[in-house]
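Right after this note come the structures.
Common to both upcoming complexes is chain A, partnered first by chain B, then by chain C.
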Partner chain A sequence: MPDQFLYAVEAAINGLMAGVLYALVALGFVLIFKSSGIFNYAQGVFALFAALTLVGIMDGQVPFAHLINALFGTDVHHFGWHAPALLGIALTVVVMVIIAIAVERFILRHLVNQPDIILFMATIGLAYFMEGFGDMMWGSNIKKLDIGIPQGGSFWIEENTAWLGGENFYGFFIDQLDIIAAITAAVLVIALTLFSQYTKQGRALRAVADDHQAALSVGISLRFIWVLVWSIAGVVALVAGAMWGSKSGVQFSLSLIALKALPVLMLGGFTSIPGAIVGGLIIGMGEKLFELLIGVPYLGGATELWFAYVLALIFLVFRPQGLFGEKIIERV
Partner chain B sequence: MVLDTGDSYVTADGRTIGGVLMEMKNITLKFGGVTAIKDISFDIREGEIRAIIGPNGAGKSSMLNVISGFYKPQEGEVWFRGAVRGPVKPFQVAQEGIARTFQNIALFEGMSVLDNIMTGRLTHMKTNMVAQAMWWGAAEKEENENREKVERIIDFLEIQAIRKTPVGRLPYGLKKRVELARALAAEPMLLLLDEPMAGMNVEEKEDMSRFILDVNDEFGTTIALIEHDMGVVMDLSDRVVVMDYGKKIGDGTPDEVRSNQAVIDAYLGVSHD
Partner chain C sequence: MFYRESGDFSTTYSQDSQTFPIAFDRWRYYVVLAFAFLVVPFIINDYWANAVLLPFLIYAIAAIGLNILTGYCGQVSLGTGGFMAVGAYACYKFMTGIDIYFMGADGEWIRYALPPINIFFSVLLAGLVTAFVGLLFGLPSLRIKGFYLAVATLAAQFFLVWLFNKWEWSYNYSASGQINAPTRGVFGFEVTGATASPAASYLFCLVFAVLLAWLARNLTRGAVGRKWMAIRDMDIAAEIIGVNPLRAKLSAFAVSSFFVGVSGALFFSVYLGAVEVGEVFGIQKSFLVLFMIIIGGLGSIFGSFAGAAFMVLMPVLLKNVMVGQMGWPTDLAEHMIFMVVGGLIMVFLIAEPHGLAQLWRLAKEKLRLWPFPY
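Let's turn to the complex of A and B:
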């Protein structure tokens, strides 16, 4: 096989892996949009906040250390422990649930029946609040996150694929972290699908997504469902934040991955869980292949910055509801 | 449950009307300066079909919304099953066994007819989330039982042919029937119908009347309904409350109401067709 072809395959596989990470972020958006019609601008910041909290707990950082020191003249920074990853994750989940409850109590409850644009604006406010809150709680320095996921290329894959090409081909380079992220995403999607299709709460969630008044009349508590869905979105944000954070450190730019999720949503549809996954994969693979085959040789590279958006734009023109989005049929 | 069954009676067509299931005591509801309901009291007995009628803007829908917890009256008490009801939310009212339909239909448009009706069973599902997701043991049994009950209602309301159709595609008359099916799926103690015949043609009205009577007869469900169509109300109901400008101006059997002068003046005297 010609090496050029193998490089393209490698780029495609790596693109798929990156796509999984995009899909993880997009999933958080879809969940909230589906159940409450809110485009949660803060989803990216949620991922950052979750990752910060995870690092903070694992490193035994004192939350609000700066504030406490300023107020009481103390000098505390660390509790001096180092928590195992699983405990850190469990405690971070608890924190994300508390945030979901707070969001319902202090924001959503007061904005029932408001137009969508108002709710969208509220989430912009929430995003910047959470960003500042995260800084205040854990500090704004760049942190290293290590929850025990192996990193670097998988030697096993490299060794076992080297024979495919000629002398200059050393096998496919695939990051182990990406493989684990892909498996995690798959498990998450299967669990969420089972949950929404077969459980009482899942059915209630779909009902709330469709019609609030009707949902109330069959005995569904909107508040409970909102807390539930924001909690799930918080957990998804934690998974995304932990994966991205392990890959490139926990820092402010983590919240910008939300911007990568936007074209994924346009492509896959705002209401479809499989759409988020397939959209993520298409964009991840598309941008890597485009860069390799067209971007570098003809356009001077750096096409990854805009390729996803242009692809999404083209999709929007031909299929505004996305690949898997619901087309609401209005009877005239 | 403490019900006053002392004066239960049997109707001409052989149905037993029991004690008081729900009692509204001196209900007053205001929206800002507007009084929608003024000091109204009436009761609903177990097994009966109770109608609330009145001209446009009389406060009928407001009354139904008070019963179902969507509105909170400023004054008065709502008694249900022999106990006074505290401040409740609509979903809690539904969980207590009061199901309802809406004047402007509130269905889950994106879901199939079957899924819509299954949501009516939500308050009856008890097994845990993990078991449901995995389709395990008790959860599977529960799901099957719920499905059987729902299928029975689907047969009963003659909507087998559309069970897999997304509700958004159905014509108006069938949507009304699916909404009734979803309310019935909850096996309510009290069924509230908000203008069940609104916007229907004669044939659809006849079908709906038949279903209402059959539901009451077959499942023994107590029904309270609001309706504009006088002819339909008089044929269906055991007792009728008449409202006008937020006040109660008549209450009794259809015959009593028909001969009530205040009612004739306010409502029946006006030609509607």
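Let's turn to the complex of A and C:
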């Protein structure tokens, strides 16, 4: 096999893995959109915030240390202990649930029956607030997150694929972290599907997604469902944040992956969980291949910045509801 | 008591349909204009021009532009920053003279540069170029709606910023990739460049802001504006009663982009003077302008000004209070401003979805009777 082709395959596989990470963020969007019709722009910032909190708890940082020091002239930074990863994750989940409750209590409850676009803009405001809040709580420097996921290329794969190419081909380079992320995403999707199909709360969740009023009339508490969904989205954000954080450090740019998840969603359709996964894979693979084959040779590179959006834009013109979305029917 | 309409009779239709039917409003408007044109230029200094007045006027133009698209026509756009970049780079090319390369008879590339254009017309032409680009990115709006469209406009944002990073012709092959505004003037007064006086720059922006606000006001209350609002309220119903959605949506995109382009051109040439596209016209700028119209009031020209003033003044004020008075470190104040802005957006959407413009309307309503109860 020619080496050029193998490089393309390698890029495609790595793109698929990156796509899984996009899909992880997109998953949080879909969950909230399905159950409450809200397009939660803040999902990416949730991922950032969750990762920040995880690092903060594991490193024993004092929350709001910067603010406290500025107000009282003290000099506190750390509690001086290091928490194990599992404890950190558990506590972060608690924090995300608290945020879900606060979001429902202070925002959603007051915005019932508003047009979708108002809710969308409210979540942009929420994103800004959470960004400032996260930075204020834990500081805005870039942090290293290590929850024990192995990193670096997998030697096993490299050794076992080296025979495919010629003299200068040393096998596929695939990050172990990406593989673990892919497995995590698969587990998460299966768990969510099982949850929504086979548990009482899951059924209630689907009922709310189908029709708010009908669900209310059979005694389902809308508020509880909303808190539940935002909590689940918070947990998904934690997983996504932990994966991205381990990969590239916990920093502001994490919240920008949320923007990448938007075209993923548009491609897959806003209401479809499999759509989020497939959309993520297509975008992840597409942008890597486009960069390799067209971007670098002809356009001067860095096409990954916009490829996903333009692809989604062109795609939507032909199929406005996305790949797996429900057909849009409009009436006067 | 002071703000009232008694004794104010309209005797012709044109009196009835004027922008400020109440005499008091009309006089207030003239006084504000006279103050802005005749008093402010003489008391302005560098700090006020650069920290408050120039950004306020320029953002107000951008906010009016976005308000036409989002507030009047109902198409949410997150591509404002990208369109501002188009305006800035187009203005740069016009004011330095557009260069064209073509193949000569002997196979050599010949560079032919058009003469530089006066800064006033450069800004207007930059607006027209942006209108054309906006038209192109508005085409998908015929098929996709709501936040699908909002996300689609992100494509414009990221693509345009990338384009101006990579396309060397657009920044005249400068090694730094930056564009720098040369010194240019109108009627012998320098308005761009380092040596321009704050009063001249201010007046230059003010002329644009007033002209464009006047244009927007009259467009939005005329036939075009009513078509936009019909599309916003329900596009299918509008189509049935005979509004052509193609023309209505595309004209909204074109007009809106024209405004945004002019504001981008002014932002670069008069206000900043040097621009690095990713830093200045990134996605944050799109959100900033969107916040302005949410806080100011969707579908209101006054609201665009109010929102721009609010979003320009508030960070300056907060920073002065927190850093200057309380002695906080600047990064902490930054985070606080983020929280306050985000919080305010949510508060406004919950408590007063029509923004400052609606508060203003309510205040006027109250002032009619004040201080009497009836």
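Note that in this section the second predicted complex is superposed on the first by the 323 of 332 C-alpha atoms of A that agree within 3 Å, B and C clash if a C-alpha of one lies under 4 Å from a C-alpha of the other, contacts with A are read in each partner's own complex, and residues count from 1 in each chain.
Heads up, the rule we're going with is that a residue touches a chain if its C-beta (ideal position, glycine included) is under 8 Å from a C-beta of that chain, and two chains touch if they have at least 3 such contacts.
Owing to the predicted nature of the structure, the values given are computational and were not obtained by experimental measurement.
After superposition on chain A, the partners chain B and chain C are seen to fit next to each other with no clash. With both structures placed on the common chain, the touch criterion links A:Tyr309 to chain C but leaves chain B unconnected. Of the two partner chains, chain B is the only one that A:Ile220 touches; chain C does not reach it.
On the chain A superposition, the C-alpha centres give an angle at chain A of 90° between chain B and chain C, rounded to a multiple of 10.
Of the two partner chains placed around the shared chain by superposition, chain C is the only one that A:Phe133 touches, whereas chain B remains out of contact. Of the two partner chains, chain C is the only one touched by A:Phe120; chain B is not. Of the two partner chains placed by the overlay, only chain B lies in contact with A:Asp211; chain C stays clear of it.
Looking at the shared chain after the overlay, A:Lys200 reaches chain B, while chain C stays out of its contact range.
With both complexes superposed, C is the one of chain B and chain C in contact with more chain A residues. Of all Cα pairs spanning chain B and chain C in the superposition, the closest are 20 Å apart. Comparing which residues of chain A touch chain B with which touch chain C, the overlap comprises 331. The part of chain B that touches chain A in the complex is made up of residues 68, 70, 89-92, 94-95, 99-100, 102, 106-111, 115, 118-120, 122-123, 125, 129, 132-135, 143, 166, 168-169, 182-183, 186. By the touch criterion given at the top, residues 76, 139-140, 143-148, 150-152, 154-155, 158-159, 161-162, 165-166, 234, 236-237, 240, 283, 287, 290-291, 294, 327-329, 331-332, 334-346, 349-350, 353 of chain C touch chain A in their complex.
Interface of chain A with chain C (complex): residues 39, 66-67, 70, 106-107, 110-111, 114, 116-118, 120-122, 124-133, 135-136, 140, 259, 262-263, 265-266, 299-303, 305-306, 309-310, 312-313, 316-317, 320, 330-332.
Chain A makes touch with chain B in their complex at residues 191, 194-195, 198-204, 206-207, 209-211, 213-222, 326, 328-329, 331.
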